[in-house]
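What follows are several structures.
One chain, chain A, appears in both complexes that follow, with chain B as partner in the first and chain C in the second.
Right, the complex of A and B next:
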């Protein structure tokens, strides 16, 4: 195994984020007990900004995809596009966290260190070209997010959410690891590309069991039905900036690794097609995930929980993209990437409005609390309206083009028409509960008095997310172009 | 020499016991222990295959898993302590603040 400086330069963004995380952790240890932690948030944003800037030369260098570190890490535009999506989610969550932590009085610097370390785990995950790297990336990401979920220590809901997320998450990791052991044992390699080419008989039941265990473990991470039961509780109980981080970045990383492993390691026709192939299973999961997520969201009075179920539903739409990738081919990856970017931006923004709305330890998540918001805080109500319409897929927003491109590529295969019809029907159902919030904000009498938190960071995050959602909706061309260029994987 | 299949079957049984423990037991600590059992079943599988294939890389991966499992146990126990401080209980059936 060779190890040279050129390979190190290619993973510079990852090194910046990982070393930055450790640096923030050290600075926290050496700063005074009562000192403000706002500067650590600024430093975190600077580190994420530097990593984003470094991805620009990396984009050029990745024009020819290759694998480095003895094949463990893939260098391609697919991973760079997803890394930047993850940076957007992490950066906006950091902006939200500054004001939120201060308002609810649990400000501590490790929070930002964990955001950076979790981001590093996600970057490893989207670049992983080896089962070992996948396992490491998942664990680095998950351990950071478990702790973030439980970081509001005085809140009973937060520790309950952390407990559930941790137990289900590490159960999923153990299933994934057992799957890795079986696939490694039967094929003799952990490299995704070599597994794809290995001479192992794909009818070997042990190899097939391993495959399903790996995919099942990953389905837990992206919260696909029937592996979603942790998501509503974890999303609702976690501090809202963490929920935003989970909904945007963890989902993007999870789908990134799912796409790569399905194409490279399990891409051969005998594993893709047929009744037991992953394309058929993903289609069934997509229908279940969309429908259950949306039907459950309809019944929620707690807005944060409603958005949690809506994020389950969005995992279902993304699974339609995965099915299209199996049936139609590689061109389905562009729409998946665009959808992940649009969805990340929108979902961070909508959870951001929820984070903005509560104060003094009272989170104000019930829909009745939101009545009359349009009269009192017109700007915030407008932002929430734009973001919810984008989640629902209304034209002129990012979410509309996300769904349009995703469903259009799926329609290239006539057999997928029923699946797309179900997906469109689900989008229509989802508009009901998004509009319920909008009507509460604009057409209902003012509920009890509110004093939303004041923070420049939170305001900036909401403006950035809303403007970004509109920009992606009005001028989707450049993002689509980038996503299309990013469809080629290391092979 | 004991055939490799025996180790693989033992590992599969341990893994199944772990899964059942996670699904059936209601105490957070026991669930945590069951997850550790699942990880160790995976490790035993790796080592058995390593012996069958005369490949030490399997053992390297097993060491990596041990390290990750230690990190996971540290975080997990911290979360259990956190919830015990809030509730004075580690029974998972009592975690119902967010049931709707």
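Right, the complex of A and C next:
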């Protein structure tokens, strides 16, 4: 297998993001010690915009899915859809970061370089067609996010969160790597497609342990119960724009690789069905993840922590989609992709409002701090209300259609009705704690004076996220069409 | 048979070294136990005919990385603990015994599972092809089949270097007063 230079054009977006990250790093080195770093944020946005534009011709080129670079990387619309979702998360987080870093006095240019390089890692992850590239993608993404989590050096909580995230994440990577070693040892290959076709005996315990370890390692990354313990602490301690990046982009990349590995490498019926098949395990994990995430979110008074548990619960809804993918078939991938896009946009927006609300030395994360926001800052309160309702799945928002399509496709299999009922009941529970914030904003006495961020970037991010959430909720057709076209994987 | 004995000796060396690395309070003992693990790994690579990898393992890990570890130990300048302190030895002995019992039981159960031993026989075995594991072969495969992975690793190392600098350097804006976010947060719910 030799290397074809023409294949490079197929990964232009990845090259742009990776080289862009290095460029931002270089420019940071040559800029003055006390100069503002706002223009680096603008440059980061331009790089992400260019990469998004380059995905348009790539979308046409990927009409026939194939694997390039000796089978290491898959070229298909599935990865392009997810890459654009990740760009949306990264771009909005960059917009938020400009004002946030300045207000909290820890502005530094490497922040944007790490966002871009982390994004490049996620792009590798969603395109990975080989266990080796999956591991490398996960490590590039995770290292960048660990550092971003701990980048707020004067905040003890940020350092603590980074330490916890790093230790648990390294442990998860080790588990994943052990699983990769066992699967390679039994099947003789690391290529996902070849594992899917290999003559390995699927009842071989060594192979099965390997698959479970791989899936367990990935479950850590998407924060599914029982591997979610790191999420609340990491989300709460991280600087809020980084939390938004983690909740949106890391989750999208994690689910992307989970879908690909389940379908291409472990897609054979003997591994999918039955009591020990991944569809049954995913169903059990989905119920646990949704219920635990929502019940824990109910008793949080810190809004960031509450949204962290809500993010765990959303991983549970997405696992319902994974179950549907096993039981119903490939058409379940469209709703998963749409859900990831809708969720990313909404969650970045809601963390964005939290980032906007705090000021230096006063992060205002307690729910009591939000009392009376509706009277003081009606526009921000309205944006937060729309975003929270979307997370809860109320009609006219993106979240509603996400849940609708996801549950509808699961209902195509009668056996999944109980699972969908549990998921709907969980959505009802979740509305309770989302509305708690809304009632605090509108129906409680005005609290102490606020001085939220004044930054054009943050305002733009909030407007984009809110309008995007409403647009996806009112006119979901085009996004659904794109998601449906993106269901075909390289096989 | 000789290969089998060599494997078990190396395996005990690797796992024993790793256990001592995390259980010894004396930092120099812990670091030296890690050297034992690295040498065991290199020996396993040699058993697999991966000679080049074994050499790299010794040069990079047992050589360069261990030197750095020893430097860090020296710079940290922690209080000396006796290398083979006997404190808490009874508890540890019980723990190790329980672990060994669990492992033995698991192995026995797996061994008695029908099909387990049969399936292990289907793996490829036999000597590797001529030149396998040498510098030429590793170089060829690294720059053809695994070229993308090779390039991606450079990205990974870049992120690691940036991360190390960001975490280690002194913050640019130094303030005298402690910011409010350093106060312990009260009433924020339990851990998940």
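By our rule, the second predicted complex is superposed on the first by the 491 of 491 C-alpha atoms of A that agree within 3 Å, B and C clash if a C-alpha of one lies under 4 Å from a C-alpha of the other, contacts with A are read in each partner's own complex, and residues count from 1 in each chain.
In the analysis below, a contact is a pair of C-beta atoms (placed from the backbone, for glycine too) under 8 Å apart; a residue touches a chain by one contact, two chains touch by 3 or more.
These figures come from a predicted structure and were not determined experimentally.
> Quick check for you: in the superposed arrangement, does A:300 touch first (chain B), second (chain C), both or neither?
Both partners, chain B and chain C.
> Where does A:139 make contact in the superposed view: on chain B (first), on chain C (second), on both, or on neither?
Once the two structures are laid over each other on A, A:139 reaches both partners.
> Who does A:184 touch here: chain B (first), chain C (second), both, or neither?
First partner only, chain B.
> For A:278, select first, second, both or neither according to whether it touches chain B, chain C, the two together, or no partner.
A:278 sits against neither chain B nor chain C.
> Please work out whether A:174 is in contact with chain B alone, chain C alone, both, or neither, and reply first, second, both or neither.
So A:174 only meets chain B here.
> Which chain, chain B or chain C, ends up touching more residues of chain A in the combined arrangement?
C
> Should A:227 be classified as contacting the first partner (chain B), the second (chain C), both, or neither?
Touch status of A:227: no partner.
> Considering only touches as defined above, state whether A:153 meets chain B (first), chain C (second), both or neither.
both
> Show me the chain A residues, by the header's touch rule, that chain B contacts in one structure and chain C contacts in the other.
132, 136, 139, 143, 146-147, 150, 153, 156-157, 162, 185, 188, 232-233, 236, 299-302, 305
> Spell out the residues on chain B that touch chain A in their complex, using ranges where they run on.
Chain B reaches chain A through residues 8, 15, 18, 22, 28, 31-32, 35, 38-39, 41-43, 45-46, 48-49, 52-53, 55, 58, 61, 64-65, 68, 71-72, 75-76, 78-80, 82-83, 85-87, 92, 95, 97-98, 100.
> Which chain C residues qualify as touching chain A in the complex?
Going through chain C, the ones touching chain A are 110, 113, 115-116, 119-120, 122-124, 144-149, 152-153, 155-156, 158-160, 162-163, 165-167, 171-173, 175, 179-182, 185, 187-189, 191-192.
> Can you name the residues of chain A that touch chain C in the complex?
Per the touch definition, chain A meets chain C at residues 1-3, 18, 22, 25, 33-34, 69-70, 72-73, 105-108, 110, 113-114, 117-118, 120-121, 124, 130, 132-133, 136-137, 139-140, 143-144, 146-147, 150-151, 153-157, 162, 185-186, 188, 199, 201, 203-206, 228-229, 231-233, 236, 292, 296, 299-302, 305, 309, 312, 360-363, 366.
> Where on chain A does chain B make contact in their complex?
132, 135-136, 139, 143, 146-147, 150, 153, 156-157, 159-164, 166-167, 170-171, 173-175, 177-178, 180-182, 184-185, 188, 190, 232-233, 236-237, 299-302, 305
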